[in-house]
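Here subunit A shows up in two complexes: once beside subunit B, once beside subunit C.
Here is the complex of A and B:
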């Protein structure tokens, strides 16, 4: 190792440091430390003029180690690393000493002691600088392909965006039909397009693209690898019905099927057979046999020769550089008795109500009764007290109001009563709230501590509220239908997230790194999130996040190569005896077992390791070290700090 | 517990309520209203009760009469829910509710019915004239007596029972304990508001309208007195003749200004006019104008040859007296002042209770 020539700069920070720390005394105390070639004080180390002087100093004196004693590294570590690079010195030779937050501000009552502490901290930094090494980023290959998991609006939008960038896409859908939740909606705010129209447009766009492969009935069952090189196994469940099929015969087969089960597509308000379509033009346009419920009676087989029970499950191997999660949400299911749900016959959820409007024709009927008065109870499953779902689901106010406009338009004699906790029809959606009020809908409001009550009088549901808009007076409505305006919750089966070890927030949705600045990235490198799997979103918001996530995922794979931080753990193959303690301690799954000849040792995956250091203290053989924070470096710093 | 009744809102629209359902309860209307007080807070409360259709609460409320329609609330409503016009339509609705005959409601709600009533009365007058062979002297004589009888009958059989009904709605039915002395003590309030509309001076920038209204009321009442009791059309007394002229001029000039404001629609109060509003100003205008012309014709001694003008005047007068006064907008003159009186009664009783 060449001899270290270190430059040390002690900053006044205006008076922030020098008012309490004798900066000149610090400089004098360290100027004769081993390796220190020059030691200076400066009024503002971060000022342009000082930065220029530093660059000159480094170049003129061939410095190969730099210490700046100033503020927190959070503020200016990058600044001074950049100074090193401008002077053609590898940035990992820069060491930051914090003598403001840790010294002058903390010890403003003891100037002598503060100066003493500052000297120790600077000496420790110098000790680290003496051992510093030039490091280069790790480079890993990145497969130029992205797997998009979930083919709702977010997934499809993301797939189209990636395809536009010439990036091969695997669109993986667990259900047998694409479109996700949106395909279940009729007319939607604010454009009044139906869910089917939106899905049709996206699907027609997708199928034209040769670089998009769509899998339905497909589930990711395992994942090996990491950013740049995810190796996925995808299980494909067959439909048991051939895609090109005589519709007449198929219909006969459907009619003949003796199995009747609740239709999830209509949120269980109707039934379907074990062999079924979702609606006449779902995508792909092919029926499917639901093997969970099929009794294998074989009646359909005798009627339709396109049914083939011999088809087998397949496992496909897919290799991609990035994974984009767009697995969507589930509507909140009220528990039994919540506002009469499952106990009073005419209490339904908003998604069910939307299907009811869609499925009814001339008269609005529910369970044989004509519906005239509809009570909507808002914030069911959202904005609950601590312990429940405390978040706002964002879409539901607008969706309920839009549904009330639709139902009034289709059935003008209907009356709508909205039992709210304050209306949040933000943005352009506010005009729907106006339209609904103006058409004569009645809005009542309660606080969370006195929610409306639903009871049954033998004929109708009685909804009571202490209306805060009428001075807290008790009001009631006799309703033919009570609609619980339910929010969004994470998918009940989110196992695919567990497969990638995606962190979840307190709301149990997948979590981004930073709400504002890194909104679609996750702590798992290479995995991005889009749409309602991240938290409640309406379709516009889902589409926006899908486009962001597509761009981010593409940025991981676009160059075919990725750079990662060189600060990672390294294993000494001689000392390591593979006890597995490090692998257990690693929060990122970066450590696995490998063979060094015949000996089992730990292997660090450089593209996944974050350099957090959790594996170091658990190693009984001291066989792991952390680059740039090696035992040598840290011990030398401790020596400097402990030395009088 | 109150039952919500959205059908009431639909009914109120027939009385001129416009878009009040759009209210989102911000309360700006109440905040800008210069007459609303913490004790008597409106119009938001009235809008809310109307939206919910709480008819009993509205029927016992005097608040619609406490508003003089400056229109500030409507100007500042972010939802264009027209609280000012809602208060106006509530006054029409209350008038219909106070009227025991139910005719007020029918006439407010149906323009064809109103027109039929006007046409029938006109036919009646002409038929009477025909019966009297268009003898002008007899007809004028009859006209004079008609006025006296009509005033007495309308007051006794329509207006007095209606005031009693109002009393029932606002004092008796809500079981407000009122002592006799309270009724006596409050009587001043009735007189002041009936003749001066003092409260409407509390509206911002309302001095001109208040003054116009004041001289119209005084001019109208004086003209009534002059024609009925001083027998203006037959009088030879120069003072009475000039007095009548001045009064009739006041009536038709002020009502002409009111009509033109309703056409120009510059102020909130003039933007929405129901047929009942038009009938009121037009007939008052016609009454003043025809009375003026009749007297001019008398003074020029050409009435004999132009008896049609008196017939026209008589027709207007009859329609006024048996349609507009008992069942039309005229009643606001009574109900407003009585509302102020009952409000005072309620206030004093509440104080006594404390």
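Here is the complex of A and C:
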């Protein structure tokens, strides 16, 4: 091996490191280490000017190993690998030493100890750099097509953006109708366009595109492969009603159906038949038979000749280079008794209330009674001190206030009473709060340790609060309707997320790589996230995130070829006896059995392997090694760490 | 006097080199399009590069901005003009825009400057440093700030006395007083406006005493005091250099206030104030921090938890609007805040030794003057009007012109990144389809 000439850079990180670690002392302690040719300190190693200096140093001194002691490699491994590349040094000769998260921030109470630890960590990195080798990234073909899962506003918008860029799209919707949650909503803030109008606009745009294939009643049931080459199996459930169907006969068939079940589209406040529409002009405009509830009585079949019970489930195979998840959210369902829900008759959720507004044209009626006083209780299912949902759902304050404006406009005799925990109409949405106050809505705010109470006096609900805004006075409102302003929760059914092994955050929504700067990428290469599956969002925010995710997904597939890390596990075919322990330990399903002649051994799929190293310690024969983290390299690092 | 250059063409013009403009430019460039990024300041990086840390991850802003800035500045498909402003943009047809850019002279040849700072040491002129929000001074020959990109000196010609001292000490002879304003005519196929926002100027609210009482500062000044490249290397009050131990935040300064012409919420002030309060608890463990608020708006991912964390650390949250701030009469530089304590329903006064005004986000209306033939509409708050705000939030009133980041309204960094992703996606579609 060529003799190593290593350059070491110890970063101040402004003060993030140098406030607690004596970086000059670290530099002096390592400058005479074997192989070290150059050792410097720098204010910000990542700054453009220092990167330029590093390129010069590498070129001028023919350095063939580089160590930067700075922050977490999560932040800057790629930055400094790129510096190596720009200096024509293979980027795998770069070794990152973390002396910020692991040293200065962790030991801010012990400066001497922190400096000592930093010296050891840098020495270990130098030991690794002495053994570093040039590696060539694996190249894989990328299928120029993207699967968009979920056809709410985010999914539709992403599909349009990809289609615009001449990228074929498979839009996969689990329900029988596209549009997601937005199709359930009436007028929306801040343009007052209705959910139906928005969905119609997007759907009409989608269907005219030849490179978009829309599947409804479709579920992804399996996924093999990885970035560039995802092989998905999609199960298509038939509607049992043909799309081009005579509307008159279909209506007769629906009328004749004897089954009556709650209509989920209207959040169970109305009923539907087993053969049903969401509403007459939904998309695609074709009814469906709900086989879970259908009694197979056959009455519909006799009235409408486009009903066909012989249709069969299909499994389609599709191949895509990237997957864009836009699976949305569930509205929070209060538990029985939460602010009277399911125990007091006139307590509904905000999504139910929005359907009630849509379904009542003249007077606002609920269960046969004309509604006069409406009490809105905020933060139901959000900001819970106990109960799991610690987060704010972001959209609900504005959504509830917007509903109260609509209600007052549509039914001028109603009165709105808002029981809040502090209104969060951020940005321009503030104007709605102002308008609502101006129209005479009453706002009350609860103390954090004394939320409003709902009781029933035999005729009406009584909502009681100690109101902050009047110095803690006890207030009671007799309400004809209590609206629980419910938040967004992650989808209860996460089967599709599990298929792709998508990590979740503390809030159980899908997790992005970096909350600030990489909000649509995930740790699963090739899978992006858009809309409310990443966290609560309003429609505009969902559209922005959908377009961002589309841009990222497009960047994975647009060039037809992708590079993946060469840092993968390798199997020694002589030592391996295929016990299968490695395959069980692999979190990415990258290991399978193969034959080496007649002998069964483990096979690593290089495009799936993430180089996590989980398979190494479980191998009883020590037959697996990890490129760039070989036993040899790790042992030399341990020696450096343990040496005084 | 100016030099005219003609016939330069790019696929896209991105106006504004902050985090939104930079992200949009990168997206376009990595897709293969040629981008011109125009920035009026001496460095790209916008306001984000000046921040201390970011909420709720507490990443150091410099650490996550500089690599992005570095990536932008060396991307082969991105050309950057700093100290430059757009004077006009004309839409000739779809996919055909003509723009004029005014490049102001820096009086330093960027390529030759090594940022050795000898000119800074030689320059006899001292003026307030705008990049440190006037907390300290700088010279007329100066490096804008330590992590600026490009990192090169500049001459502030308005304050320069033309003594020539800098020229004499410069080891690379990169100072060039003969540079002239350049007028550059370019043609592009699409435009992204990422012109950002302006901070509310608290001088417009004399009752808070900013400018009159030295220990009343803005939140941006506190960002600088807390940043890794901080001017004093510790937090202190500007009046007398004392380390403060009873600090107050005044939220909604210049936001949600029709009396100063800005009725809307600025969307970021609650969170950055909570962030600063956590950083202050770390920097000054003995200090008391009180946040006076109307509503705490911790609405984003991880924000509510961050707010609860600040409460847990001992930050004191008081629901109340500050009516007036005055200095104590004994000359110790402390401040008396008169406020309505809403929880208790009474008007109270409290003494603090340093007050931070959490100033809001105002529109930067520069972009409305770019277009002469077509009308770039503004919304009722003077932000760039979003023609299809629900489902195509980046579209403006002119086809082919898109808006990214806070130019369309207040937003935080993740929302700016998403908005930039959205604008670049629309721009790429427009470039491919038309």
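Keep this in mind: the second predicted complex is superposed on the first by the 500 of 644 C-alpha atoms of A that agree within 3 Å, B and C clash if a C-alpha of one lies under 4 Å from a C-alpha of the other, contacts with A are read in each partner's own complex, and residues count from 1 in each chain.
Convention: a residue touches a chain if its C-beta (ideal position, glycine included) is under 8 Å from a C-beta of that chain, and two chains touch if they have at least 3 such contacts.
Computed from a predicted structure; not experimentally measured.
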item: Touched partner set for A:578, first subunit B, second subunit C, both or neither; value: neither
item: Between subunit B and subunit C, more extensive residue contact with subunit A; value: C
item: Subunit B versus subunit C as contact partner of A:519, first or second or both or neither; value: second
item: Partner chain in contact with A:438 - subunit B first, subunit C second, else both or neither; value: first
item: Contacts of A:191 with subunit B and subunit C, given as first, second, both or neither; value: second
item: Touching partner for A:464 - first (subunit B), second (subunit C), both, neither; value: first
item: First (subunit B), second (subunit C), both or neither touched by A:475; value: first
item: Common interface residues of subunit A - those touching subunit B in one complex and subunit C in the other; value: 423, 434, 469-470
item: Subunit A partner contacts - residues on subunit C that touch it in the complex; value: 27, 30-31, 54, 56-57, 59-60, 62-64, 66-70, 73-74, 115, 146-147, 149-151, 227-230, 233, 256, 263-267, 295-305, 308, 319, 342-346, 379, 381, 383, 386, 389-394, 409-411, 413-415, 417-422, 424-426, 428-429, 432-433
item: Of all residues in subunit A, those that touch subunit B in their complex; value: 415, 417, 423, 433-434, 437-444, 464, 469-470, 473-478
item: For the subunit B and subunit A complex, residues of the former touching the latter; value: 1-4, 6, 9-10, 19, 21-25, 48-49, 51-52, 79
item: Parts of subunit A lying in touch with subunit C, wherever the complex brings them together; value: 13-16, 43-44, 46-49, 51, 71, 75-76, 79, 86, 153, 157, 161, 164-166, 188, 190-191, 193, 198, 201-202, 383, 390-392, 394, 422-431, 434, 447, 468-472, 505-507, 509, 514-520, 534-535, 539-541, 543-545, 547-552, 554-555, 558
